[in-house]
Amino acid sequence: MSKMQKMSKMRLSKNLNDKLAKIQTLNFKSTQVNDEKIVKKISNNESFQSSMKNTLSVAYAVGLFPIKGIRENQAIALSYNKLSVPSFLSLFTILTLLWAAILSLVHTIRSLLKVNSGKSGGFANATAGGIFYSNAFVSSCIFRKLASTWPNIMIQWEKHEKDAYPYPKLRARTRAIAIIILILALTEHMLSIGINTPTCRANILLGNSTLRECLKEYCLRSHSFIFNAVQYNMALGLFIFYVSKVATFAWNFQDLFLILTCSGLVAKYRNINNKILKTDIAASNIKDWRFMRELYTNCSELARDFSSMLGPLVLLSFTNNLYFICLQMLNGLAPSLQGPLHNAYFFGSFGFMVGRLICVALAAAAVPIEARRSLPFLRCCPASTYCLEIQRLGFQLTHDEVGLTGMGFFTVNRNFMLGVAGAVATYEVVLLQFDMGQTPPPTLTE
Amino acid sequence: MSKMQKMSKMRLSKNLNDKLAKIQTLNFKSTQVNDEKIVKKISNNESFQSSMKNTLSVAYAVGLFPIKGIRENQAIALSYNKLSVPSFLSLFTILTLLWAAILSLVHTIRSLLKVNSGKSGGFANATAGGIFYSNAFVSSCIFRKLASTWPNIMIQWEKHEKDAYPYPKLRARTRAIAIIILILALTEHMLSIGINTPTCRANILLGNSTLRECLKEYCLRSHSFIFNAVQYNMALGLFIFYVSKVATFAWNFQDLFLILTCSGLVAKYRNINNKILKTDIAASNIKDWRFMRELYTNCSELARDFSSMLGPLVLLSFTNNLYFICLQMLNGLAPSLQGPLHNAYFFGSFGFMVGRLICVALAAAAVPIEARRSLPFLRCCPASTYCLEIQRLGFQLTHDEVGLTGMGFFTVNRNFMLGVAGAVATYEVVLLQFDMGQTPPPTLTE
Amino acid sequence: MSKMQKMSKMRLSKNLNDKLAKIQTLNFKSTQVNDEKIVKKISNNESFQSSMKNTLSVAYAVGLFPIKGIRENQAIALSYNKLSVPSFLSLFTILTLLWAAILSLVHTIRSLLKVNSGKSGGFANATAGGIFYSNAFVSSCIFRKLASTWPNIMIQWEKHEKDAYPYPKLRARTRAIAIIILILALTEHMLSIGINTPTCRANILLGNSTLRECLKEYCLRSHSFIFNAVQYNMALGLFIFYVSKVATFAWNFQDLFLILTCSGLVAKYRNINNKILKTDIAASNIKDWRFMRELYTNCSELARDFSSMLGPLVLLSFTNNLYFICLQMLNGLAPSLQGPLHNAYFFGSFGFMVGRLICVALAAAAVPIEARRSLPFLRCCPASTYCLEIQRLGFQLTHDEVGLTGMGFFTVNRNFMLGVAGAVATYEVVLLQFDMGQTPPPTLTE
Amino acid sequence: MSKMQKMSKMRLSKNLNDKLAKIQTLNFKSTQVNDEKIVKKISNNESFQSSMKNTLSVAYAVGLFPIKGIRENQAIALSYNKLSVPSFLSLFTILTLLWAAILSLVHTIRSLLKVNSGKSGGFANATAGGIFYSNAFVSSCIFRKLASTWPNIMIQWEKHEKDAYPYPKLRARTRAIAIIILILALTEHMLSIGINTPTCRANILLGNSTLRECLKEYCLRSHSFIFNAVQYNMALGLFIFYVSKVATFAWNFQDLFLILTCSGLVAKYRNINNKILKTDIAASNIKDWRFMRELYTNCSELARDFSSMLGPLVLLSFTNNLYFICLQMLNGLAPSLQGPLHNAYFFGSFGFMVGRLICVALAAAAVPIEARRSLPFLRCCPASTYCLEIQRLGFQLTHDEVGLTGMGFFTVNRNFMLGVAGAVATYEVVLLQFDMGQTPPPTLTE
């Protein structure tokens, strides 16, 4: 049912966009000056697509974002083709992740059925792999879907960019965010590899350990559930190594993508707000305001399209992050006597995941805040220049529900973050009590 | 108090409807063309009543929906009569269910008073029967009430259908939903019967078991509370079998009815929204918008009538589903060593109930989403064709609280679903702790 | 701080009322016909004051509602005088309840300090008396305060009653509610007395027990905390008997008063809504709507005054009811082996309190529902008669926050009731776990 | 990310203010009469800055509020200079608190790692110092930031004060609040010192104890974590004594500052509301309402600036108070056998902190209540004088979200207070269960 609904929604929002395009052609024809050259030159450097291209290229290479012309600066050069090489690469990635997800889910179900037999920490160990690979699989499907709508939405994005001329400076900021997050993710994953190869680590310092052995140790320790069914061999080991890297990248990329997209939207809104706030309100006329209202309406339209497009990703990202944060907290609170590297990994990984979630939430929560920023300014409009357009803009700013939602189940804003924090705290305490109830205190057995 | 209020509300909403009818006669006279023949022909196939008739016929046969002319395609042919045959059948069903409800509630109270005496799982066993038959009884009363208002509301539904000409295609969709849910319900109930006749099952394969014995075993196992007071005999067995089938049907039909009605409302809204979104907004005039505003207002009126009519059913359905989901989770989490059929039943039944609840919630939550869908389009209206009618429609779309509510206690939307999921998780954990606290771990006694 | 605020608020709302009065004199002069005789005659039977007078008379007699002319039918005949006899009676009641509250609170504090010493059920036993008498004391203070504003607000109430001519029929309804609640309260209290005089009960059947002995037994059992300090004597016994009756009356009267007042407000709104809904909307003009908007505004003003006046009472009533419901549930869930009278009392008292709370909540929640009822009708207004007045009325109906609040801490509506029910369930489970944790299972000591 | 956002926000709200100033110069020129002398004279006594100066002077002396001309009555005389003496004093305070915060956090982390080794009450003891000094450090940084914007915002505050002529009487009220809170804080801190010097207290009565010894005892008992690393000496003792006094002052001053600022805002709104409510609404014209709308808009602008400026302080204050209230409740509920001074301290300190939090919350919650107070009055405007300005003012009053927020994570209003109370109760019960689970009952070991 939900799918059917979504489909009809997408179909209609397409109609709507076509219509919008028509309207805007009618309205803006007069304002289109021959500044296309300048625009093109600048957009090469500061357009949203251009600022995203490096990050998206990485995803493209991994097989998550199958778009032709991903390294172009302009939306018009992008295209999605089901029968192209990147599309087949993406299909291969999806199938690989599906295979890993099925194997790990089988392990999860088997372990859960055995949970009552008494081993502590069973729940966490049983589900972690299944959730991790399922998340990667769903994520790769969502990104394939996203890629198919990306060229159109980027054209939409660039359409009215020249009306709000001084472009937001996105490049530097986007690059900084992407590099920081990817480096942190890499560090976290290196630590995770380090933990899963204790023997190898010890031997490598002594010089008597080969990469081959390290790989074997890593695979057997971290993906033991696969080798319950199959025998280990070098090729399988390499394949598993590759799959786990792809899944880890998807795990990080879904959050990074959300952060960058939200930053872009905020920059677009900020651009319009700056235009509005720079207006000499006492000398403005109805035409100025009509222009600005239309700018704002277009931007909101774009934000709404993004919101409905990113809905499944937001839901996936929050569910996944909350699961791993709860898991890591449980692991962290349980006594672990396995040396400083483990401690570093646990604290580092936990901090990284909490930080990543907070970044996603703050970035998404910034959209509605920025969208509403010029509302007080409109209220200060003197009676002499107050007009219907200001009234319409004011009404729209007051009532418009801009902002990312997890498919309508929740809207991401700061208040929601407080709620999530409270819920995590509550569940953590309950889970801890549960855990303490299950493990008998060691003093009683002595 | 609540009843008195409701009565006055219904009385007034009737007034309101009469008034509306009058107004619409005044307004629409000019737009009424002689297309009645075409309308009639199409409405025979695609009207809401025609798409519902098969499902309602089943309920009619069981005695839940006592309306004359239930298999007609047009609202005008329907009628409700207190002194007709279907009405007496419905009364008989209600009384039968009342009898079963009283017997099972007596059993519930007796069991609860004995709960402290120590048998585990007592709470679930004690209440399940009582809740099941009470739900069926209340459900049958609500449906009798619904049936009495059904002819009027169907006339209301069809009144403006020709104004929004290309009818929504409801038939195929409705039929598909009804068939899927009823087949799943049947399968679930078959499994439940299978579980309650273990001896019979074994013997049937060997060929030495009669239906008579099976019935006896089924009755004694699944309705033991009745035979605490009365001796078993064949007639009573058949009667109990009949009652339990009716109650099971009511248990499924209440959710199916909600899903189908909400789908109908969504289709009606979608129809109007498509009309609005197809408008050439730059060439439209105030008359077009007046027409569309009136279409929308009529549809909202209808939605509001449905909402107040379905209020008790929504409340009953959610309460009932949540109770059985919690119960099944508790049963599922407790260790059960009774073979694969039991496991299949527990997982299947649990999945079916969760899926059914999600379907009801999503169907109900789709109404307000669809009702507001054309709001962004209105915002794009250029200044040249902006008029009072668009302003009124925009204001109405912004502030109108369309959507099903559980008698005002909650409004069904996606955010509410998240809240319900959170509450179920919390209660489940608390109940589990409770359960673990009450049953002493078996290893300690050895 | 909160007090200062409240004071300034009341002062200003007085200004506002004066202003309103002035405005209304200006506006309504033309509509004032010489129908005063009819009005007076009818208002004698159906005015709000006349429908409340019997209930308020009882409170007057107990010393809770010190107003002169309480049995008059018209607001003009009421007056509040600090130096009158009823005022002194009320002061005496307040001081008596203060004395009982202090004694019981001293007992509460002493018991709480001893709680750790181990006796089970200590918390409930320790606090019940203190809460009961504190509630009665605060309640009596609030009612004295209410009485001082009652004459003015009744004048306000009657001022525009003749504009909305066919008066709501309040008398019969009010009387029925008052009688039912008071009889149930009496029954509940009788049971409570019966439980506290077991010996006497047994002896009275045998004929060898005097009232004097019964009184002594009742006082010593139910108010033991007083006789820790003082010796029992007949006069003190009678006095305690009197005080406990007054406190019980206050405990019930505060809820009854809220129910009746809300019913009155709902009736006033319903009256206006009926007037609006009876309008022939296609033939109405701007004057009709101005008149109705002013009627509605006056009524909302009154509702707002009532809301701020009843704020403390709502807060007190909800806190108090929730405390006693939790207490009774804890008592009821604990095993009690004291015969059928105890069971009847526990179940009856619990049901009575839950029912009373639900009645208060539903009555208060009905105000905003009724206030907004005519909103859909306004939306159906055709373009030909749509005017500024309808726009203003529509905006007001959409955004006006009518409804009782607990001093701003919560607004009473049906959604809030669901929240309260959820909170009670959660606390109950937690308290039960707590209780089970504290009392060692009896089987362990054997 | 959040920081970057905030910065841009502040930059833009500055632009906005400049713009506002320009607009207002255009609009108000005509209303500026030559009443500057009177204004100056009165503003010397009743301006907000003049009413705050004594309180701010104390903070200035401690090094928390580094502004030149802090004792002046007019905003124009204030200035913030990074290279002035107060700025260096403030830097010194910040560094001192940073030193104490680091030392105590090191102690916290060490203690937490040792918590599993079994000592009860460990969590509270481990974190209290760290939280206390971290709070003081963050608080001092926030106040330095606040001081840098204070002169500008005070100029903003005074700008339109003469338009709303009869100034609110703030001086007496502000002074009373400041004195009461500071005296209570002093008493609470004296008790805390008393508890930490038990030997000294005993000896002082006998006359054989020197201040030097008392200081040593106080430092060693209350700041033991510092002397794990360093040896005690007189100079360090004095220094620690000084630091702890500064931190305690900051701990109280942050709440006091919030209460006073909110009172100021409420007084400003009340002033405007009184002006509105005194208007003869039937004789008013559009100019009167334009004037009042502009007054209101300016005030809301100011409130919004304050809200974004105080955001971090609100968040810090609520987090900090909730932490210490939970801590004190846990301590209070645990059995303490250390004499009446300890009991007095525990109950007094707990009551003081709860009262302080309630005062902050009520003061902040009063802002939106007061801001919306004149809304009902506007609704009573008769049709004859209803105009666009009243419509704009009404729309603004209805939809404006005035009020303090904790950086957008929560809005402080009375409903939020109820939520906080519920959350504290829940966590307290959970923590208590936790605590009871960890400490074995002493009777079992005997």
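Letters A, B, C and D name the chains as they come in the text, with residue numbers starting at 1 for each one.
The working rule: a contact is a pair of C-beta atoms (placed from the backbone, for glycine too) under 8 Å apart; a residue touches a chain by one contact, two chains touch by 3 or more.
Only a predicted model underlies this, so the values are computations on that prediction, with no experimental measurement involved.
Chain centres here are means of the Cα atoms, and by that rule the chain farthest away from subunit A is C.
For the pair subunit B and subunit C, the fraction of shared interface numbers is less than half, so the two copies use mostly different residues to meet.
Between subunit A and subunit D the centroid-to-centroid distance comes to 37 Å (mean Cα coordinates, whole Å). Look at where the CA atoms of subunit A average out and do the same for subunit C: the two points lie 52 Å apart. Among all residues of subunit C, those that touch two or more other chains are 426, 433. If you draw each protein chain as a dot and join the dots that touch, you get one closed loop, with every dot joined to exactly two others.
Chain pairs recorded as touching, per the definition above, are A-B, A-D, B-C, C-D. Note for the complex: subunit D touches subunit A at residues 1-2, 5, 8-9, 12, 15-16, 19-20, 22-23, 26-27, 116, 290, 294, 297, 300-301, 304, 388-389, 392, 395-396, 399-400, 407-411, 423, 426-427, 430, 433-434, 437. Subunit C makes touch with subunit B in their complex at residues 263, 266, 270, 273-274, 277-278, 281-282, 335, 359, 362-363, 365-366, 369-370, 373, 376-377, 379-380, 382-383, 386, 394, 398, 413-415, 417-418, 422, 425-426, 429, 433, 436.
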